[in-house]
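Each of the next two complexes has subunit A plus one more chain, namely subunit B in the first and subunit C in the second.
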Partner chain A sequence: MVRKILGLTLLIGLCSTTAFAAVLINGAGATFPYPIYSKWFDVYHKMNPEIQFNYQSIGSGGGIKQITAKTVDFGASDGPMTQDQLNEAPGRIYHIPMVMGAVVITYNVEGLDKNLKFTPDVVADIFLDKITNWNDPRIAAANPGVRLPSGSILVVHRSDGSGTSYIFTDYLSSISSAWKAKVGKGTSVNWPVGLGGKGNEGVAGLIKQTPGSIGYVELSYAIKNDLDYAELENSSGHFIKPDLDSTAKAAQGVKIPDDFRVSLVNSSNPDAYPISGFTWVLIYKDMEDHVKGKAIVDFIKWAIHDGQAYTEDLLYAPLPAEVIEMIEKKLEQVKY
Partner chain B sequence: MNGRKSFKDDEFSFDMNTMTGISSAWSETKIKERVLTQFNQTRARRNIINATAVYGLSFCAILVLFCLFNIIFHLLVQGFSSLNRDFFLQLPKPVGEPGGGTANAIVGTLILLIVAVLVGVPIGLGAGIYLSEYAHQRFAQAVRFTTDVMNGIPSIVFGIFAWTILVVPFKSFSALSGGIALGIMMIPMITRTTEGFVRMVPVPLREAGLAIGTPKWRVIKDIVVPSSLGGIVTGIMVSLARVAGETAPLLFTAFGNHFWHSSLLAPIAALPLQIFSYAISPFEDWHRQAWAGALVLILIVFVINLCSSYFVGRQRRMFSSHK
Partner chain C sequence: MGPFPRSKNMEKFGQRKDAVDIVFQRTMLVFPLLVLLIVGGIFVQLLLSSWISIKEFGPAFLVTSTWDPVAEKFGALPFIFGTIVSSLVALLLAVPIGLGTAIYLAEYAPQWPRRIISSLVDLLAAIPSVIYGLWGIFVLVPVMRSHVQPFLGKYLGFLPFFQGPAYGIGMFSASVILAIMIIPFIISISREVILAVPHVYKEAAYAMGATRWEAICTIILSYGKAGILGGIILAMGRAIGETMAVTMAIGNNVKISASLFSPAYTLASVIANEFAEATSKLYLASLTHIGLVLFLVSIVVNILAWLLLWRINERQKIFQGR
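Coming up: the complex of A and B.
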C-alpha cells in the first residue's frame, strides 16, 4: 500500500503542470539561425515572463512542412518557399527576414600564408569537376605570388537537404550557365563530384581532416572551427573577404521585393560578399489565435530592432535599415 | 577425417584379436601402442579445435565488453565534468551563457516513458497472454509474424504514424503523441516476451489449479501470470530501456521544449532530442551538455536494466523454492 501511494505521488508529481499561465508559442525550421533564435527567445522571455517561445531546429524543409500543416505557430527557413508550396498552404504566408548569413568557401591547403582568392568561374568549375588540381593555372591567375601545391582537389558538399546548399547552389546557378543547365539550385542537388558530409559540422569536420579538400559552410562554422576561407570576386570585380559587414552589404542598395522572397546572391552592391542571404520566419497573415498572433508580431518587432544587437556575437549579419522599415509596414498587415 | 577412420579400424582389429584369443604379447603391445598414438593424435587435434573455439568465443565476448566499456568510459570522460547540480535542476540556457541544465528534458523523458508504459504494457501483456493461452495456432502464427515485422520497422515510421494521427488533427505537437509513439513501439517486444514467459509455466501447475475446479481465467490470473511475473516484468523493462533512447519517433511528436511542459497536450522536452540538437551545434559548451545528457540517459537505461535483473533473480528464486 505504501508503495502504491509512493508511486502515485511520483506520477502526479511528474505529470503535474508547473503552474503559471504562460503562452507557449511553438516554432520549427532552419538549423542555421537556431543559436540566435534561442538567444532571442531567452532574452525576450526574461523581459516578458508570460511568453514562451519554443523553437526546434528540424531543418528548413521541415519548417515549411510544419507551418503548412499548421502544427506550429511559426516556421523558419533559409530558402524562400516556392510558389507551389505557397499555394499548398491553407492560408497566406508571409516571409519575414530576421538576420542575414553568408556561406563561405573553405579549404584545406597546407603551406599557405594568406587567404586564397577565387573568381566565380573557378568556383563553378571546381564544383563541376572541370578544375581538378590545386596548381591549375586559373586558380594561380587570381593568386599571384602564392605557391600552390600540386595535388588533386577533393570537393566536399552537404549530404542532407539544407538551406546552406540552397544559397550556395543559387549562387552557382547565378554565375554559371553550365551549372544552371546541368545541376541547378535546391536544398539538395545532384552533385557532379565530391563527398557528402552531414550538416555544417560534418562538412567542416571532413575539410579539417582531409588535405586538399574544398567545400562550403556557414561563416560561423568556418570561424568557430578555425578553417581557412576564400575571398571571392563579386559582380563588380572586387575580391571580398566574407565577414558580417560585407554580408550585410548584400541587401543594401538592392531592390527588395514586397514579399521578401528574394535571392541576395551575387548582389549588385560593389562591397557585398556574393554568397549572402536572408533567413526568414514564416507566419500566417491571418492568425487564428489573438494572443499568440500578438505575441509573435510583438516579438518580431523587438527582434528586428533591439534584437539585432545580439547578431555580432553570434556571427550573423544584421538587417539593413531599409529592410527593417519594410518589415514594419508588412507587420501592419498581419491580422490577429 | 582420415585419422579418425583408421583409429576405428584399429579398434576393430584389436577387438577381433582378443575375441578370437589369438593373443601374442608382441602383437598386443604393438597394437596397443598404435591405438595409443592414434588416440593421442586425435586428442591433440581435438584440443587445438577446442582451444580455438573457446578462445575465439571468449574474444567475441571480450569485444562486446570492450565496446560497452569504451562507450561508458568515453561518456564519463566527456560528460562527467558537466554533471552538476544545475544540470539536474535548471532549464537550458542559450548559446554563450555558461551553465544551465536539462531538468525539463530529464523529467520529460520520464513522463514520456510513463505514457509509453501506460499504452504499451496493457496491450502487449494482453496480446502475449492471449497468444499463449487462447489463440488458435494459425491466428497465433499470424500475430507472431506481425509482431516480428513490427519489431523491424524503423523507429521514425512510428513517429510519422503518430504525427499523422495525433499531431496533425489536433494542430499541436504533444507529450501524449510522443508517449503513444514510444508505447506502440513497445507493444511487439512485450507481446513476444510475455508470450514466451507465460508459455514456460509448467502444465502441471495449471492442471493443479483446474483440478480443484478453478475457472481458466482465474488460473491465468492467480497462477500463470504471478508465476511468470518476473520474466514478464523483465520483458517490459528491456523494451522500456530500448525506447528510452529513441530520438526519431519524438522529432515530430514530442517535438522538444525549452521550458517546462504546460500539459500533456503541449510539446515536451526529452533527453534524446536535447542531445541531438546540442550535438549538431557549432558550440563547445553545447557539445559538453550533449555528452552529459548522454551520460544521464545511459544511467537511466542502466537503472532500468538493474531493475529487470532484480526481477529475473526473484523469478528464479521463486521457481527454485517450488521444487
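Coming up: the complex of A and C.
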C-alpha cells in the first residue's frame, strides 16, 4: 500500500514537472484588491496549470517602486503614478484598471435609527476640525427629523500609508479648496485633527469602541463588518448610499482618458457615489519576456471579462462595459 | 583582589601558547569584529540612504515638528518626543513592579510559587508584540477610556499630564502596554542578579543584626545595583525600538502634548506606518533619516546609562575600599 502511494506520488511529481514548462509571474503592490487578485490567480491557475502567479500585497507605493525597478512582472496600485514617477521608469508603463472600489464614511453615534447623510462641505469641515460637535446645525440641515446628540466629534483616520487614504483625500481635495490648500491628497497626509488607527481594522476598531467618532474605511470592509455608513451628497445634489452599483456608476458616462490615469472621485454621473476609484495593474508597454508578456496580457483579458463575475461576492464593483472596451484596445498596443 | 591571589605560576600557565591556542584566539577575534562590522554597516547604510534628507533639512530636522508628506516638509521632533516619553513612562511603571517581583521571587517566595511565577514571566516575554497591540486595542483601551483615565483626570487632573479628553488610545495606553512588555526582562535579570549575591554577604548582614528588609536594602540591592541597572537598560532599549504594539495603541498623531492622554507618535511607528507607501525620494530618505535618529537615540540612551553604571561602580569601589 505504502509503496503504491509512493509510486503514485512519484508519477504525479514527474508528470507535473515534465508536462508543462511552468511560467511564474511575479507581481506586487496594492493591498486593497488582494482578495480578488488571489481569487483570480487561483481560478486562472486551475484553468491554465502552466501559469502561476506570485503576488505580494506590499502596498501601492511598493508596487510602483517594484515595477519601476523591474523586480516584478507587474505592479498594482490604488493611486495612479505621477508624471514624475512615469518619467523615472525605464520604459513606458500602462495603467490597466481591474476593478472599482469605494471608500465610505463610517461613524458611531448612539440612538440613530437610520443612516446619516452628509454634504461634501460638512465632511470636509469635520476633517478640517471646523465642525467639532454632532449637534452642529450644518449636520442637522442634511438630516431632518434625526435627533443628533450633543457631543464632540472624534475624527479617526488611517495611520499607515494606504490607497484608501489616497482616494479619500483625493475626494476632499476635489470638493474643498481649503482642504486642497492646507492638506492635499496622498497615501499619507498631515491630518489637521484626529487619531490614527492602523489599517481598516484599526480605524473600524476605534470607531466601534468610541461614541462620537467618525472615520473612513473601504466599502467592502464596512459591509463585511456591518458598520454604519453615511449617504453622501454627490456632484448632482443627490444623496447616494454607497454600494457596488453606485460605485460602478462613477465610471459610467464619464470621459475616461486614454491612459486611464483618472480620478473618479466626485463623478459627474448623477447616480454615482462620489468617493469611488479604479485600482490598476501596472505593466510595461514593451515586455522583455515573450512568454511572460503573453501570459500577463491573456490573464488581464480574462480578468476584465470572465473575471468580473467574481467581483460581487468579494464586494468590488465591476468595470463598466465601455471601460472594458477601452482596455481591450490598449492591450493591443502591448508588445511582447 | 579575590580571596585567592593568583600565583605567578598560574599566570605562566596562561602564557604558554601552542598552535591550537593561537588559532582559537584568532578565530574568537572574528566574532566581535563581525558585530562591529554589522553595527558600523547599519550606520553607514542609514547615513547614505538618508543623505538627501540630511542635505535638505540639516540639523533642523531634529527640532522641526511638521511631518507633511504631501508638501514634503519633514521634521522628527514629535517622534523623538513620543519615543522618549513613552519609554520613560513605561520604565516608571515597570521598574517598581519588576524589581518588587524579582525581590519576592529571589528572597521570599517558597519553591512552588517561585516556579509558577517564573514560568509565567517567561511566557509574558514570549508573546508576540502584535498580540499585545490587539489586546491593547480591544481590552486595555476601553478600560482606560471608561475607568482609568476619568479616575486619573478627576483626582490628578490639576497636573498637566492628566488633562484633556479621554480617548483611551494615546501615550498613556501605549506606555502601559510597553511596561507590560518590558517587565519580564527586568524581573528575569534582577532575579538572577539578586540570586548571585554571595551568601557570605547576606550572612554577614544578618550577623550584624540586620532584619531581612535591611539586608535587602543595604546589602543585596547595593551589591546588585550594577546588574539590575543593566537589566533596566536592556528593557529601555526594547521599549525604544518597540513598533507594532505601540503603533496600534498610541494614536499616531504628530503633535507634542504634555498630557499623557493625548495621542502621540514614535520614531519606530512612523517608519512602520509610512514606509510601504512612500514613493518620492525625499520622503523615503526622510523615513530613513528617522531610522538614523532612532539609532542615535538608542546610542545616546545607552551611553547615558553606561555613564550612570560607571559612576555607581566607582562609588562602590570606594565604599568597599578597593
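One rule holds in what follows: the second predicted complex is superposed on the first by the 315 of 336 C-alpha atoms of A that agree within 3 Å, B and C clash if a C-alpha of one lies under 4 Å from a C-alpha of the other, contacts with A are read in each partner's own complex, and residues count from 1 in each chain.
Following the convention adopted for this analysis, a residue touches a chain if its C-beta (ideal position, glycine included) is under 8 Å from a C-beta of that chain, and two chains touch if they have at least 3 such contacts.
The shown structure was predicted, so the numbers you read here are calculated from the model rather than taken from an experiment.
With the C-alpha superposition on subunit A as described, subunit C and subunit B clash in the combined arrangement. Contacts of A:184 after superposition on the shared chain: subunit C is touched, whereas subunit B is not.
In the superposition on chain A, contact of A:38 is made with subunit B only, not with subunit C. Of the two partner chains, subunit B and subunit C are each touched by A:58. Of the two partner chains placed around the shared chain by superposition, neither subunit B nor subunit C is touched by A:192. Residue contacts after overlaying the shared chain place A:85 against subunit C, while subunit B stays out of touching range. Within the superposed three-chain model, A:253 lies out of touch with both subunit B and subunit C [touch as defined at top].
Residues 58 of subunit A contact both subunit B in one complex and subunit C in the other.
Taken in their complex, subunit B has these residues touching subunit A: 93-97, 107, 110-111, 114, 163, 167-168, 171-173, 251-252, 255-264, 266-267, 273, 277, 280-283.
If you check the complex, the residues on subunit A that touch subunit B are 11, 14-15, 17-18, 22, 24, 26, 28, 31, 34-35, 38-39, 41-43, 45, 52-58, 69-72, 199-201, 204, 220-221, 224-225, 313-314. Residue ranges on subunit C touching subunit A, taken from their complex, read 66-71, 137-138, 141-142, 145, 165, 167-170, 247-248, 251-254, 263, 265, 269, 272-280. Touching subunit C in their complex are the following residues of subunit A: 58-62, 64-65, 84-85, 152, 154, 159-162, 183-191, 194-198, 202, 205-206, 209-210.
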